[in-house]
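Naming follows writing order (A, B and C), and every chain is counted from residue 1.
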Amino acid sequence: MYNEVFDKKTPRKAYQDIITWANSLPYNTLIKKKAEAENLFKKIGITFSVYNNFDSSERLIPFDMFPRIITKLEWLEIQDGVTQRALAINAFLRDIYNKCEIVKAKKIPADLIYMNPAYEIKMVGVKVPHNIYSPIIGTDIIRTDIKSFKVLEDNCRTPSGVSYMIENREIMMRMFPELFEKNNIEPVENYSSYLNDTLKSLAPKKCDNDPKIVILTPGPLNSAYYEHSYLADTMGVELVQGSDLIVEKNITYMRTTQGMQKVDIIYRRIDDDFIDPISFNENSVIGVPGLFHSYKSGYVNICSAPGSGIADDKAIYAYMPEIIRFYLGEEPKLSGIKTWRCSKTADKNYVLNHLDKLVVKEVHGSGGYGMLIGNSASKSKLNVFKKKISNNPNNYIAQPILDLSSVPIFKNKSLSPRHVDLRPFTLIGNRKRKLVPGGLTRVALKEGSLVVNSSQGGGVKDTWVLKN
Amino acid sequence: MLSRTAENLYWTARYIERADSIARLLEVAYRIHLIPNTSEGYLNEWESILSAAGIKESYLNNYKEISKNKIEYFLLFDPNNSSSVKACIESARNNLKMVRTAVTLEVWNTVNTWYHEIDKYDTEKYDTKNLPMTLDWIKKQVNLIKGTINNTQLINDGFDFIYLGIFYERADFTARIIDVKYYILLPSSSYVGTQVDNFQWSIMLRSVSAYRGFKWAYGNSQIDYTKIIDFLILSELCPRSIFYALDKIQHHLGRLTKFYKSDNKAHRNIKAIHRGLINSSADEIIEFGLHEFLTKFIDDMSTTYSDLEEVYFLGIDK
Amino acid sequence: MIIKINYKTTYKFTSHVPRLVQSLNIYPTECKNQKLIDCDIRASQGKLEENPVDALGHKTFNIYIKNLVEPQTITMKSTVETKDYSGVLKGLNESVHPSCFLRQSNLTKPNTKIINLVKNTNKKDSVEFCHRLNNAAADSIMYLSGSTNIFTSAINAIEQGSGVCQDFSHILISLARLHNFPARYVNGFLLDDSEIAENDTHAWVEIYINNLGWVGFDPCHKRCINDTYIRVGCGYDFSYTPMIKGVKSNYNGEEYMSKELVVQAQSSQ
């Protein structure tokens, strides 16, 4: 395991000050600060909802006060790598919904696109404003050794977590201002204005005014509702629900105290299937009837475009190096992780025979649900997965069990290492790219655990990118 | 502003005001309890509190007997009572959560804290000893919220919708409480002006926190029917009077019509009701019939609410 | 052949509908097999908004109505000159890759009974093989009007042993996809004077055969399509191709629908 903070017993350079600080912190101060932080989170209302069979109550996302530090050099590597991926993903989406050159060039198997449930045939040939399908991409990055960062997953539908990135910083600055005087830390609070600029650059064809942006949320019961309202607030745009929007004559409006007002750009945080009961799932009550036709008619832009999800499909993931080479003519700057696709017989057999050494994921799953970590699973769970994979191989991929790098958390009176990942957020606008220096560091709070998802007992940390 | 935002702000404010009203009612009950041995016995008065809050039926569906302890619990916390103080706080907070960004962080914090902390008072076994402390805390929070709204909110259309909510609720509550007093509480009209009547009036005045105010406004004279009607319905001095609430509603609707540069029937109809109150006297109301007057008033207000809904909360062009 | 279609659907509501959005996919396909001499689509309430033609060649219209009290009647009258190319669809401007229709959808998933319908899997002659599939589907269930509903899947139909054109089509699609032939659900109208004539729209299947393109098979009538068929729309299965789709907002009442359809050959003069 790569320890990001300690090289054997000595702290690495970037962490020296913070280790000194952490060690000098009296235990009772720590307890007090921890309570204070929790109180702040609770007061501001940063909660997330957990869906299970029993309740969907609001919980606080556990916050650990020991920061995660990324040096400038490390950041440049990440920045170049994720930007490259984001550009390639958008080029890929444009291609597969139009000319499909990558398939014709046989760089990717046709079935993987055409038979993919995430490939939306309603989007074929649709004119997408400025050809940007997925303007906001969250890339999950892990580190297994000192040399390199690796991409674990791309999230190009509606990645969440960016509000935690900003609020974690806010809270750290309030509690430990002295840390920020000493260290040269890149600010992250510009994200909202970058997002606003990015979306604004993506006005649809039939918009000749200053574009009106709204954020479309499923509502307060959604697990990321706090984030939706945070972004709307800091961007100065309306947070709307499906019922606030109406389409008339294929033009999209919102209902206001002054009557109907035209809407030009929708940053939607609703899944494809639910955005419009006329064109998609007719049982959706959180969508807007007629919205997709309004979109196709060029009156409104929907970000991300319906059908973008295919680009973060776990089966497509294995082809990302090819995708980058094909569209950008460059070598991938960040490597990916060896992936077995169970839809291929040879791969499936390998996976079935090495189940205890692999992580198995559902192709369309997310949030750490429906996942198997072979080495820590019980015999019966392994058998369940064996059956599942045999019955429906197309639905599974497998990857080696990766030893994620670690950063310590405050545990009782000492520091104790825990596995982490990193999710930076790339913004792709019309001839604009922006990346806030920072990201969301998720941490597995259980000792030895590799699952960092907040829905599965993960926590978060403030992430510092150093200026030099 | 989004129509839904306006509507949610309006209802947030109504629920905050309602929680406050119920807490004040309970305080009245508590005071009665401290006054030794009234001629009618206190159970009757406890029952009257339920009537005044409009939840007697719902209480009797849940409990067989009128008991001080149970009524307190019912009004404050009982999950079976959809208009308990706790339920009001929850509704206020949930409405506000939907439009979290329409208020300042400070306003949200006060409401959210109120919501999270009410549980501290809702102990496993209800203890009546905690009542004064609980009521104090609830009222203090309401004042804190209103103060925070005044001090931190932008004085824009959202501010007006909040105040419309507060004063629609107040007008409604005051009208209801006067009506209950005369229509339900007094055994028959022959009791008007008797000791029972006057005693009940002093309770009602207290319930709207106007007992002292009344004494100041009318000198230390005997409480009498006409003066009370004048004070609770027509006075511009009493912050709980119907006229005062109407005056504020008219003010905020007027601001909205200026803000949006278009007049509408909600504003026109409120102006008409307001004018009607200015031109009324307590004697005229008594002659018309207090109950009839209040019923008409409540009806008129509900019509203006429909107007408000149509003009601002639906958000659809005609 | 020249065919006249007169299609009418009426929706009645028990109380006022605050908002109704409808999408009409009833414009007959324009391609070499079908020349539209005229086509008139009307709605008794609301105005038709024409949508951009989609990648499957559908020309659709949306209607946005508020405060609907009266019944809504949609009519489509059209005169179409049809031509038979031995069942092959020609000249449709579409851009969706045929392989997209290899994926089984909810209503077409096979079970063992469906898998076992075709024993001889010799695919040397694709056309002949597809006819074999069509015949197998045709013989798999009994035609029984009203025996199924809009939620009936291929599996449901084969289990109960009966169905209507929609169910025959789902079984054929299931079979074709199973054998790696892209297949899609097609709805439209049929000039029909046979016993099993339905006074309703008809459904059949298009199977993609290399070097030929999309070929129409009608398992319900155990044949390839010809110039008595008028094609309107296509999709993965029945649920993707409604002729009229409507969404009501804030409505709690009931809805009643009635359909009238006349398909006639115009005597050549």
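Everything that follows uses one rule, which is that contacts are C-beta pairs under 8 Å (C-beta built on N, C-alpha and C of every residue); 3 or more make two chains touch, one makes a residue touch a chain.
Everything numeric here is computed off the predicted structure, so don't read it as measured data.
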item	value
Per-chain CA centroid nearest to the all-protein CA mean	A
Longest centre-to-centre distance from chain B, chain (CA-based)	C
Rounded Å distance between chain A and chain B, as computed from the means of their C-alpha atoms	47
Intercentroid distance (Cα basis), chain C paired with chain A, Å	40
Chain B-chain C separation of Cα centroids, rounded to whole Å	60
Overlap residues in chain A, where contacts from two or more other chains coincide	243, 246
Residue numbers of chain B (touch at least two other chains)	316
Interface hub residues of chain C, defined as touching at least two other chains	none
Complex interface listing, chain C residues touching chain A	19, 21, 23, 47, 49, 51-52, 54-56, 60, 62, 64, 95-97, 99-100, 102-103, 245, 247, 249
Of all residues in chain A, those that touch chain C in their complex	100, 103, 110-111, 114-117, 119, 121-122, 124-126, 243, 246-250, 277-279, 282, 289-290, 293, 296-297
Residues of chain A defined as touching chain B within the complex	42-45, 219-220, 229, 232-233, 238-241, 243-244, 246, 254-260
Contacting residues of chain B [partner chain A, same complex]	1-6, 94, 97-101, 105, 108-109, 112-113, 116, 157, 256, 260, 262, 312-317
